[in-house]
Amino acid sequence: MNLSNLSVGLSTYLLVGAMLFSIGLYGVFAKRNIIAILMSIELMLNAVNINFVAFNRFVWNQKSGTNYILTGHVAALFVIVVAAAEVAVGLALVITIYRNRQSTNVDEFNWLKW
Amino acid sequence: MGTVVFFIFAIMAIAAAWGVVTSKNIVHSALYLVLCFSGVAVLYVLMNADFLAAVQLLIYTGAVAIMIVFAVMLTLRGDISVSNTENRHWGWGALVAALVFIIMALVILANPDWRILATPWTSGGSAEDLSLLLLTRFMIPFEAAAVLLTVALVGAVVLAKGVKESK
Amino acid sequence: MFKEMHDLFRWAWLIPALPFLSFLLIAFVTKRSKGLSSTVSILAILASLGLAIAIAIGIIQSGAEIVEHAAIVNVNWLNIGGLKIDFGTVVDPLSGMMLFVVSLVASMVQIYSLGYMHGDKGWSRYYCYQSLFAASMLGMVLATNLLQLFIFWELVGLCSYLLIGFWYFKVSAREAAKKAFMTTRVGDFGLLLGMLFLYTKFGTLDFATLAAILNTNIQNVAVIGTASYVTVMAFLVFMGPVGKSGQFPLHVWLPDAMEGPTPVSALIHAATMVVAGVYLVARMYFLFVHASPSALQFVADIGAFTAIFAASIAIAQDDIKRILAYSTLSQLGYMMFALGVGSYSGSMFHLMTHAFFKALMFLGAGSVIHALHEKQNIWDMGGLWKKMPITGWTFFIGVMAISGVPPFAGFFSKDEILATALQNGHPVVYAVGLFTAFLTAFYMSRLFFVAFCGPEKPENHPHESPWSMTIPLIILAFFSVVGGWAALPDHNFAFFLHYLPLGQEYEREAINWGLAGISVIAGLLGIGLAYIIYLKKAIAAESIVARFPRVYKVLQNKYYVDEFYLWIINNIMGGVAKVLYWFDIYVIDGIINGIAFITRGSAKTLRRTSTGQLQTYAMVFFFAVVIIFMVFAFGEGQLTSLNPLATLGGVK
Amino acid sequence: MVDFNIATVLTPEIAMAALALILLAIGLLIPPGARKGMMPLTAFSLLGVLGYTLFDFFHGTKALFLDGLYLHDQFAVYFKVLFLAAALLVVLSSGGYVQKLAEHRGEFYSLIMTATLGMMIMAGAGELITMYIGLELMTISFYILVAYLSDDARSSEAGIKYLVLGATSSAILLYGISLVYGLTGSTQYTEIASGLGANLSPASFLATVFLLAGLGFKISLVPFHLWAPDIYEGAPTPVTAFLAIASKAAAFAVLIRVYLLMMNSQAFSGTGQTLLVVLAALTMILGNLIAIPQTNIKRLLAYSSIAQAGYLMVGIIAESVAGVKGVLFYAMIYVFANMGAFAVATHVSEKQGSDQIKDFAGLARRSPLAAVVMTASLLSLAGIPPLAGFVGKFYLFSAVMDSGYTAIAYIGFVMSMVSVYYYLSVVKVMFLGEGEGLPDIPVHGAVKFTMVFTMLITLAIGIYPTPLAQMAAAAAQSLIK
Amino acid sequence: MISSALPTTNSLLLPFILLAPLVAMLMIIFLPKDESKTIKIVAAIGTLISLVLSLYAFFAYDRVLGGMQFTLTIPWIPDLGVNLAFGVDGISLPMLLLTNIIGFSSIYASWNMEKRVKEFFALLLILITGVMGTFIARDLFIFFLFYEIVVIPIYIMVIIWGSTKRVSKEYAGMKLTIYLLIGSAFLLVGMIALYLAAAKNGQPTFMFDQLAQRQDLYSPAFQKVAFGLMLFGFGSLISMFPFHSWSPDGYAGAPTAVSMIHAGVLKKIGGYGLIRLGIFVLPLGARYWAPIIAFLAICNVLYAAFIALAQKDLKYVVGYSSVSHMGYVLIALAALNPTAMTGAIAMMFAHGVMSALIFSMIGFIYEKTHTRNIPDLGGLAHQMPRLAIGLMLAGMASLGLPSTINFISEFTIFMGTIHVYPVLAMLGIFGIIFTAVYILRMIANVLFGPRRPEWDHLVDIRGPELVPLVICVFVIFITGIFPNILLGMINSGVYSSGLAKVLETVSQVKMGGLF
């Protein structure tokens, strides 16, 4: 694919990232179902990845030396790995707590307080 | 053309994300999530991160989404159409999220250095380039990530299986 | 001659040391054994008496020499930066006289107590206190400086406290002891202040040095400050004697002090301790002389007022010891105003004679009380003269002496005082003194006639006291008779002592028989009036009382001074104390507790921020991020660059 | 490319990874009856690594590896010593606790190893991505450990809370990292420092704030602290100990490195610095205040550890070698003091089946050693001499006062005296409550050793702090040129 | 004994004095719980050794030579400049002796202790050691270290062995502890500020003498602030109005031995600190604050004396009385001249012995009658004459009766203050009247009056119980009758330590004060 003639600027990409991040954030804040919250977190992590890739593409594409040029990609890759691990553990936890409480509603997870 | 593609998929991704957090049906949310990930993958392609796009599709749309669907199925009870409702504080949540978005957007827009268009892509980005980096400069996080995945695996098993206190 | 005597005077410290030794011995060794305790104590005081007599003889022999060069021995006691105090002994006619009087009365009282205190559970304790008192009093007399004097002054106060409260199980004794201590403490406050000012001004408290400084520099006001400064000091110093010697308005403790055993009253509250104030003023006379005349005038006024004030109260009292107590107050006032009007030697003379006859009368009263099993109201007595002849006769001598009937001791001293008062231009004081003499004679005779001469009461079975009590009576009676002859053939005690303040030349002066006659007449009038009222019953006492019921009531209630003080203590001091306590608990502590309460309360409130809802936590988290960022950007002046219009419009 | 001696330098990390896997394998392979040996095995292997690391501290050379992406300076090694010591003590004190687990004991120890590994990577990381991976390795291990008692709903709840909040906070941290990357083109500390120095834009502020929020979450800096009490309460007590001690220290290791680069960038010159001061003050105040009405010992210790984070922040604010030294010193003694308290709390809750403070009644009689250790630990946390906490606070606050921030010293000292109030409430319960008729609580073996050891160290450092102070000074010097 | 026979540097005397109770404490820890007799004897021996050694130090001290003697200096925390430096001069030696006198007495005052004996004596010995440490420290850090050591044992002792009256013992203990700790928090800030200011020349130090030498490093403004902090910290400790309210409650709640040590010596650390740290090191600050101190001191004297009048609980009377007496110490400090300073130190000593005696007597009363309510008591002199003597002598000392050391110290104080603050000093002297009132009232109502049959079963104090009485009375009177023993020592301390010179310099400084 040759898409070298694209004309969308960095800010736009970043705005998309920011928007995804905020939507994810809203999900974390507002959803009752714990799985939906996990999904929202995935959205946030994705938003960060967009940032990394975009910065790599737009700002540091030509930075000299092979050592630097793909840092954003590497970061994104690690984030994906971490996100996967996190979601795995998270879902296992969901199963556990569902076993205990028969619920996935985070409003009910308030035994620990004060 | 790239612009058109970008906007299509960017809007798609955002709309799908919106769907994830607004859908009342948790299964729908999961499907929107897949859609969103796919849209983001396309954006990666637009930014010459082909390998990442592939990884995104494989891991997110493949593995993660499937896991989520499984979890949804395992924990589902009651009416599925109200399985994913908002809590009482969603208004506050929306406000805070909006505030966060506003400051992010302001910062992005206020930074003149970022009001730029792309220069021609010169940096590669193939799996080979990445692997070289991962095994040299980012050797330690790479190994650590391996351990991390092991930990996640073990953890998932331990947690899902359940640890009981012996009486 | 003087040189040899001086060697004797060096041993003056033994006089207080012996009783002190006996105090220690009794307190730590012999307190279990009654006999041993009293023996030790009496032997010690008798030894002191012997020494005192020896020293007195030595003084008389030394003559004028010792007046000019008092025998002073000093050792350093306290030496720190800014404060150097010596302890020592001063032997001069003044202290010699006091030593003699104190040790004599003390020995008499201690011997007397063998009989009076017989069978008391606190026997050893009693002699222990007695010894301590003797030691302190004698130490005070010998003091070379004001601080030393003050220390012993306080110690005699302590002994007074202990002895008044000797029967501590009696609530009245307990309260009286407390009152005595507290009242004298008020006076000591002033004395202490005076001492401090003196030291700050003159850098010494030594009597001799102070006197020398004042005498040499008195013209040069710039060096020692203005005369008014000295006057202030004089007033402050005088506060001590006001308390100790029971001058108005701090006289209230002395009548109550009669709660102690009667020998104690005789010794401490009649003969010795209470005159300490007079002695102090005499010692510090140079200060009063150099102060403005108002200081001495003040002393005279207070003394005169106390004299007549106490005498008027004594008229209306019924308790034998209280009458004597008010009489003591009155006589102390006499001595004080004597000093005030400049009759220095007269005051000392009266101090001595008063010690003899007042101790005599107290001991006599004690003898009566002992015989009547603790009855003290004179109206319960009567006809004792016949049953107790020795007590009766000696008491009669006492009455004659205090009434100023020649040739008894009181006549000479009282006469000298009154004469000087008139000569030195204090006619009002003289008149007051004269009237007081009349009142004194009246109430003393009243006491004597009612208690000793009136009809016998059948319920009483008095008998004469044992020898241990009567011998001291006789000895004191002897001195009450001959004590005044010391002034003969000239009419002045100063002749005897060869002593005048400020080193003035002593001038002989003949007795002014006219003035003496007037005072004798006043005394005889008093006796006569009492005779008419109480023995002859020509005028019914009741009718006088009935005519002036208010006056009688006021007199009987001692002008309500006690009530007034009690009111102040209970209402003002107690009230302030309660208010401040309230303030302490509810305001000062309240603030502290309030802070603690606020802390705990806010903690309890803040605790609720931890709601247990993870989404709330997340919201707080991000909201905080937003706020912090805004503050950060605003603080760094970056807010304008965040203006979206500017950004989008490209205005840069 | 790869340094030939990287293997030797990375020995502790490699050993930890290997140990984690070995323990995992052993746990699966050996029969349940033989699993009692797991604890000593873990402890001795940790002791070995600790010994090596200590040796490394005194004899290793300062080096950069992988172009400075990974650092081997005394600062990093100091923290590794700290993590290993904490892990060792946790393992020792949790023996009895883990015995109660029917299965997955191997995994428990293995996860502690991986968490420690993650911390070590955080301390050694010379760039943000490595740091992030280390952080996630630690955090994910902790997610599992916190929720380890999966039939205990509280443990699960704590796990899920920690996971959601932790993931959210790492998202914001990542966003910050991405901004830093976008601004400077690198994730390496030294290059960020030079890159940010020239760039004072809203973006750099946002990046700073996001990084601070992400790391502040880990150190439970107010207002990012809300998670801590809930998670501490719900987690198994040894895990709480480890979480409170080591994960916080690891975040501080990162924060010091990151902060020092921010410091170079002037971003923290004016308002930023003031903000940090305010946050530190708030942390001290809120942590200590809210601890007062707590009735659960773990929750109380949670708030106390929030307050301790505030004290540690004070050292960072000082912006000086002395300040860093203070942080290092305090972090180390904090390990022992907190560990002592948690060892007692673990032991009591294991025997008593409760974490309520009122169940400590009469502990002075029932188990004098435990009561004394608890008292000493709490008082060290409060900063009462002759315990180590006093010297630690002295270093911290003298450093910050030397940098001209006197107000925060007032707040710090006053709040630490307020903290005495709630620490003493615990002491009061232990010494005053008679605990009528309750049986004695004997302390044996490794737990006893842990208690005595932590108390002795706390006391010894308090009385003679010089050796540790020298170590901390060396570590601080190695960080700042 | 000639002190030159001793090495003037690195003498081990003071460490031994410090260690004796500590060793006894360790022995007690390893003794079995039920050996209460042995425990008490060990504690007594430990403190006795300290007492004897400090007596030796007191008399072996070369007053002509002056200055710090029996010194020992070991570098301790080099990077902070902390030295483990011990030493005593004429100012601290009386306080050291006082600590040991009271420490030894307090062991015997607790002789009848039966509840958790082992813990009690272990804590008590820690307490004694801590207090001693503050007085022999020549290093501010060590000084502070020892000071804070004592706070917690006191708390524990109050809550376990204390007694509840108007306020619960838990409250009293907590109030005492938190109050003093908050005070010490400000003190600590001041101390660090001082340390940092002194370290400006690159050589950090905590040594008192070196801190004092570096006057040029402290600006007047700094001195004002730093002294203010010290004043708050030490002022709380010495129960300066209005920071006194911990004191009566604390004493009322505390067990006898703690009251003795707390009122006797611990409180004096405040005064000692103000001299050692405040006036020596920050003379200008002291000059600035002096009028305020003087004013507050008189508030102490009169205010507390009045409140003592309204008290019904014995310990509250004595508690407020000790607040009142501290006013004299404070005004003497504020007078800033050698005479007053000598008086202040003597007063601290005198009040220490006196309050130890009075608290031990009250302790026995409470132990035997189980009440401290004055109206419930009365006529105790019948059943317990020895106790009555003790309480009465203590009372006499308290109201400053001549021939007790209390009188001389009060007198010296007044002598030093009267020309500096004439009005305030007069008000202070006025306070002696009220002191007399409440002390006499207490003595009268407790000891005297009719025999009460309900107390007939009481046994007079005897045997070991007499030890505090004998020791304290002996000290009160021997130093009262021969004051040069004590005041000469203090005087040499004030002059040879350079305090007098500092005071002379500072008194010539003109400063805009508040009054």
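Read from first to last, the chains carry the letters A, B, C, D and E; within each, the first residue is number 1.
Just so it is clear, a contact is a pair of C-beta atoms (placed from the backbone, for glycine too) under 8 Å apart; a residue touches a chain by one contact, two chains touch by 3 or more.
This is a predicted model, so every value here is computed, not measured.
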item: Set of chains whose contacts include both subunit D and subunit C; value: A, B, E
item: Neighbouring chains common to subunit A and subunit E, by label; value: C, D
item: Per Cα centroids, the chain farthest from subunit C; value: B
item: C-E or A-C, whichever has more C-beta pairs in contact; value: C-E
item: Centre-most chain [mean C-alpha coordinates]; value: E
item: Rounded Å distance, subunit A centre to subunit D centre (Cα mean); value: 27
item: Approximate Å spacing (C-alpha centroids) for the pair subunit D, subunit E; value: 42
item: Where subunit B and subunit D are represented by their mean Cα positions, the distance between them in whole Å; value: 30
item: Interchain centroid distance [CA atoms averaged], subunit B/subunit E, Å; value: 70
item: Sequence positions of subunit D contacting 2 or more other chains; value: 67, 129, 132-133, 136, 140, 143-144, 147, 150-152, 159-161, 164, 168, 179, 182, 201-202, 205-206, 229-230, 418
item: Per-residue overlap in subunit E, given as positions that touch at least 2 other chains; value: 178
item: Touching two or more other chains - residues of subunit A; value: 14, 21, 24-25, 28-30, 37-38, 54, 56, 59, 67, 71, 74, 78, 82, 85-86, 89, 93-94, 96, 99, 106-107, 109, 111-113
item: Chains grouped in pairs wherever the two touch, ordered by label; value: A-B, A-C, A-D, B-C, B-D, C-D, C-E, D-E
item: Subunit D contact footprint on subunit E (complex, rising order); value: 76-80, 119, 141, 144-146, 148-149, 151-152, 155-156, 159-160, 170, 174, 177-178, 181-182, 184-186, 188-189, 192-193, 195-196
item: Complex interface listing, subunit E residues touching subunit C; value: 175, 178-179, 242, 244-245, 249, 303, 306-311, 337-339, 342, 379, 381-382, 396, 399, 401-403, 407-408, 411-412, 414-416, 418-419, 425-426, 429-430, 432-434, 436-437, 440-441, 444, 447-451, 482-484, 487-488, 490-491, 494-495, 500
item: For the subunit C and subunit D complex, residues of the former touching the latter; value: 599-600, 602-604, 606-607, 609-610, 612, 614, 616-618, 620-622, 624-625, 628-629, 631-636, 638, 641-642
item: In the complex, subunit C residues that touch subunit E; value: 76-83, 147, 150-155, 158, 165, 168-171, 173-175, 177-178, 181-182, 185-186, 188-189, 192-193, 196-197, 199-200, 569, 573-574, 576-578, 580-581, 584, 588-589, 592, 596
item: In the complex with subunit D, residue positions of subunit A that touch it; value: 14, 21, 24-25, 28, 34, 37-38, 41, 44-45, 47-48, 51-52, 54-56, 59-60, 63, 67-68, 71-72, 74-75, 78-79, 82, 85-86, 89-90, 93-94, 96-97, 99-101, 106, 109, 111-113
